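By letter and in written order, the chains are A, B, C and D; residue numbering begins at 1 in each of them.
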Amino acid sequence: MFSTVGMVSRTDRKDALQLAKRITNYLKTKRLRTFLDPELATSIKEPELAMPLPQMRPDMLITIGGDGTILRTCLEIPKPEPPILAIDIGVRGFLTEVKPNGAMKAIDNCLRGECILEKCAKLASVVEGESLPDALNEVLIAPDAPVKLLYTRIKIDKIPAGKCRADAVMVASQVGSTGYSFTAGGPVLDPSMDAFVLTPVCALGVFHPMVFPASSTVTIEVTKPQKTFVVVDGQHRRALKTENPSLTISKSEHQTTFIRFRRNFYRRLEARMLFYRGG
Amino acid sequence: MFSTVGMVSRTDRKDALQLAKRITNYLKTKRLRTFLDPELATSIKEPELAMPLPQMRPDMLITIGGDGTILRTCLEIPKPEPPILAIDIGVRGFLTEVKPNGAMKAIDNCLRGECILEKCAKLASVVEGESLPDALNEVLIAPDAPVKLLYTRIKIDKIPAGKCRADAVMVASQVGSTGYSFTAGGPVLDPSMDAFVLTPVCALGVFHPMVFPASSTVTIEVTKPQKTFVVVDGQHRRALKTENPSLTISKSEHQTTFIRFRRNFYRRLEARMLFYRGG
Amino acid sequence: MFSTVGMVSRTDRKDALQLAKRITNYLKTKRLRTFLDPELATSIKEPELAMPLPQMRPDMLITIGGDGTILRTCLEIPKPEPPILAIDIGVRGFLTEVKPNGAMKAIDNCLRGECILEKCAKLASVVEGESLPDALNEVLIAPDAPVKLLYTRIKIDKIPAGKCRADAVMVASQVGSTGYSFTAGGPVLDPSMDAFVLTPVCALGVFHPMVFPASSTVTIEVTKPQKTFVVVDGQHRRALKTENPSLTISKSEHQTTFIRFRRNFYRRLEARMLFYRGG
Amino acid sequence: MFSTVGMVSRTDRKDALQLAKRITNYLKTKRLRTFLDPELATSIKEPELAMPLPQMRPDMLITIGGDGTILRTCLEIPKPEPPILAIDIGVRGFLTEVKPNGAMKAIDNCLRGECILEKCAKLASVVEGESLPDALNEVLIAPDAPVKLLYTRIKIDKIPAGKCRADAVMVASQVGSTGYSFTAGGPVLDPSMDAFVLTPVCALGVFHPMVFPASSTVTIEVTKPQKTFVVVDGQHRRALKTENPSLTISKSEHQTTFIRFRRNFYRRLEARMLFYRGG
């Protein structure tokens, strides 16, 4: 099923590096071709396996870290994305699937095809005539100054759907509905929903989050001139040059695919809630 | 297209009764058979047209009033429901379509078939082994005492989806997402969404509204024994006899059909928001 | 310091009754005169110590139970209230001070005067010309029907301070700011605040909780006629007879006094938050 | 009562400049010594009246603009501040008192002493060993990256009062309770409250705003190292150099004094709510 494997890891934690080294050795014994993110390759002294993410095209990708590691990786890897086996070493593993001590068994299961591929819709967005990298979680637009109001007009498939004044406005995917959108007061979208949610941050007035089908195109038009920026997945930031930008978001043709061993959205949600409430 | 017409109206307002009388006369000139809700028939002195709602099976139904009038009518009328032409005499017409002065023209348009039939999903619910009337807006379960917490376990298609402690818990339809669910903090569901939303009222902890496909079955299990009641569309109230009731909600096989003259969900939403924010 | 002691306890739990019996015996050895709530007296077979709460005037009052037990006791006991030593046998002890196994030591400390008396402001309220029992937590007014909006006008010292449409409106004391008011979205008032908070439940529009000095008089006028009721501390419910009642709330001349062994509001708050978030 | 008058105005609006010119001429006829903010002096061709704000010490200060103009002015003017007559030319005048057409009459009334001096508490704050300018509205600390969580520990008078994880955390004054703190979900503090409110922006978990007496000192300690910045009144921004900064906020010895012609907090609040809800 898989003959080449890519690997990305946090390099600031010893346990992550040790695990990456062990997995690299294990993959060698399995005679699988392995690519390592260059920084990781250097850190675990396997320079000959280095391959920059934007050129990496493995059959399967292992990430060692938390959700941030996954989000950064998905922003850089060429499309279509390989399936991801996400190993959790941190506290925040909502997207992750296995703990370090289950890593080898998980890899074996993958190689035998004993896994579920969970496909997650991503968000394609265009602003100022240019495409942004696809978002797994959310695309957010905000003023480039603190304590400043963003005045926007929202359109769904070009039809006006309301005005929104807020600190920031985001569109989140189903997966992203449990991320920053949730913190800002957005609803949880069931994993079988093919839908997105538009969630304002600290909206004035009575603007609530809006859920619309993933087949829609949503446009966020800034109606009061000001400096703004866009952030994809909390990682990729882009300052906008125009003063009345219009951000258009729709379903990407690409997806992120996670390797799972059982269907367990609500179990993972519960774990995330535990983190949210400080457990 | 329509050969029999039913009519329901608020009878506590003179303007409503005058309009009902005018429409009745107009329908006579069109040689349409007309049924009136008995209270209305008495009020406008047309006793021979009286027909109780639970027996009324017209091709089209005219309501004169606000959303409350529509909700009450839909709870009582036999299924499948006739299309509804909703005339607004009040301040709260989110579901209504025409103002009194546009009523005759609207009826003419209907008779010529120049209208859009907007079909709205309804909620079927079962509790203590009995079916409740279908809900157009929402089904709510709450403790039968003020300032009392409801402890529940939520299941989506029998899979545990979380625990919720709140003043009350409701499931709202797409239409209902702009009603009481909204007031309780729920998201707006776009009219093209085939989805429902579960919204708690004053939840403890970090439980947010959850959106799930209309093809799902959601179960709200009361986990701490107490007296509770269920309310359908804010109108039909039923005290529960068991102490750990389980309320099951799914999409009804029936729909409510509104006669519209243009597609305008977000315009009506804007009007509703105006009411919400005190406009 | 104390020569007579009253005691109230939950009688539906064996551990509570056993503790009550032990304490009764202990007080006998200390030669303190003891009064028991009649239901408790019967339950632990000490009928000769029975004394109805409304006649009980001890130097000190011991409650065994949770916050509900304390609230019910404070509603009934004659004013001025004796200091309360609150023993926690349940999960919800925000107001309680000691665990059962610390009870005897706590009593000893009280008798030696080694304790802090924490005085808590209470709310006096008048509606339809009659005074309600003082509230330790909050006074709430709500429509006597579910899913029904309460239209009110708020006045602070007779000056209009805004209109509020909501499911219900309450005024909470400093102590009550961590109770139902909190659940409805209200702020926490620091224990050194001599202030109250007016908190709506599911308000329409942009009405936020309002904090005003405890020296103010707040009036909640119902502006749209309907059946309503008032609830004091979630326990004492009173249906209102008039259709446009006006509820007036101010600081009571009486206080509730808790016996504490250290100042620890924020520690108790943390414990309450743990309960709120599902810990 | 007043013998020298300072004036600050928005210079990007013609109506503001025309009014400033008229007032300047009027003050000349009254033989009052007038100081103009240098940019304003240039704009209305009165260079000889120019005086930089940080050196301006008039008996009374006129601002022409909205709340932003007032906030910026108060940050720069030497302490103690002169009383401010705030003329509103914009849409957002919560702090402002008079409309342009009432300006001359208002000035006359001031000169005759027919006015009320409304004193507003300000916030003094210290971070990294340095004092920030006093805040009229609020002091906010936030991570210097979007979609990033701030981990903090809150102390009131050095006593731990809870942990808070949020997008940002602010302390707002009574006046500021109707500003950004409100947007973030904070309560309204009655003008007679000598209190502050700590309000998180998009907090995780169940952290609610906390109200504490203005005599308290509140400390916000960043517990997870990261780049942060502080903003005073949405205007004065300061990047922090240390990774675990501790921000200390208490009541300033200085106040901002507004010239009012009647006591009308709740009327101004109502106007602000109208803006908030989109009126």
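Everything that follows uses one rule, which is that a residue touches a chain if its C-beta (ideal position, glycine included) is under 8 Å from a C-beta of that chain, and two chains touch if they have at least 3 such contacts.
None of these values were measured; they are calculated from a predicted model.
J.: Drop chain C from the picture, leave everything else in place, and list the groups of chains that still touch each other.
T.: Chain C out, touching clusters collapse to one piece.
J.: Can you name the chain that lies farthest from chain C, using the mean of each chain's Cα atoms as its centre?
T.: Following the centroid criterion, the farthest chain would be A.
J.: Same or different for chain A and chain B, where same means more than half of the interface numbers show up on both copies?
T.: Same: most residue numbers at the chain A-chain B interface appear in both copies.
J.: Taking each chain's centre as its mean C-alpha position, how far apart are chain B and chain C in Å?
T.: Roughly 39 Å, centre to centre.
J.: Return the residues of chain C touching two or more other chains; collapse runs of consecutive numbers into ranges.
T.: 185, 204-206, 276-278
J.: Taking touching chains as linked, do they make an open path (line), a single closed cycle (ring), a hub with spokes (star), an all-linked set (complete), or other?
T.: Shape = complete; every chain linked to every other.
J.: Tell me, which parts of chain D touch chain C in their complex?
T.: 156, 159-162, 182, 185-190, 192-193, 195, 197, 205-213, 216, 266, 269-270, 273, 276-277
J.: Of all residues in chain A, which touch chain C in the complex?
T.: Touching chain C from chain A are residues 204-206, 277-279.
J.: Quick one: which bits of chain C touch chain B in the complex? Just the residue numbers, please.
T.: Residue positions touching the partner: 140, 142, 146-148, 163, 165, 167-168, 180, 183-185, 201-202, 204-206, 229, 231, 234, 237, 275-278.
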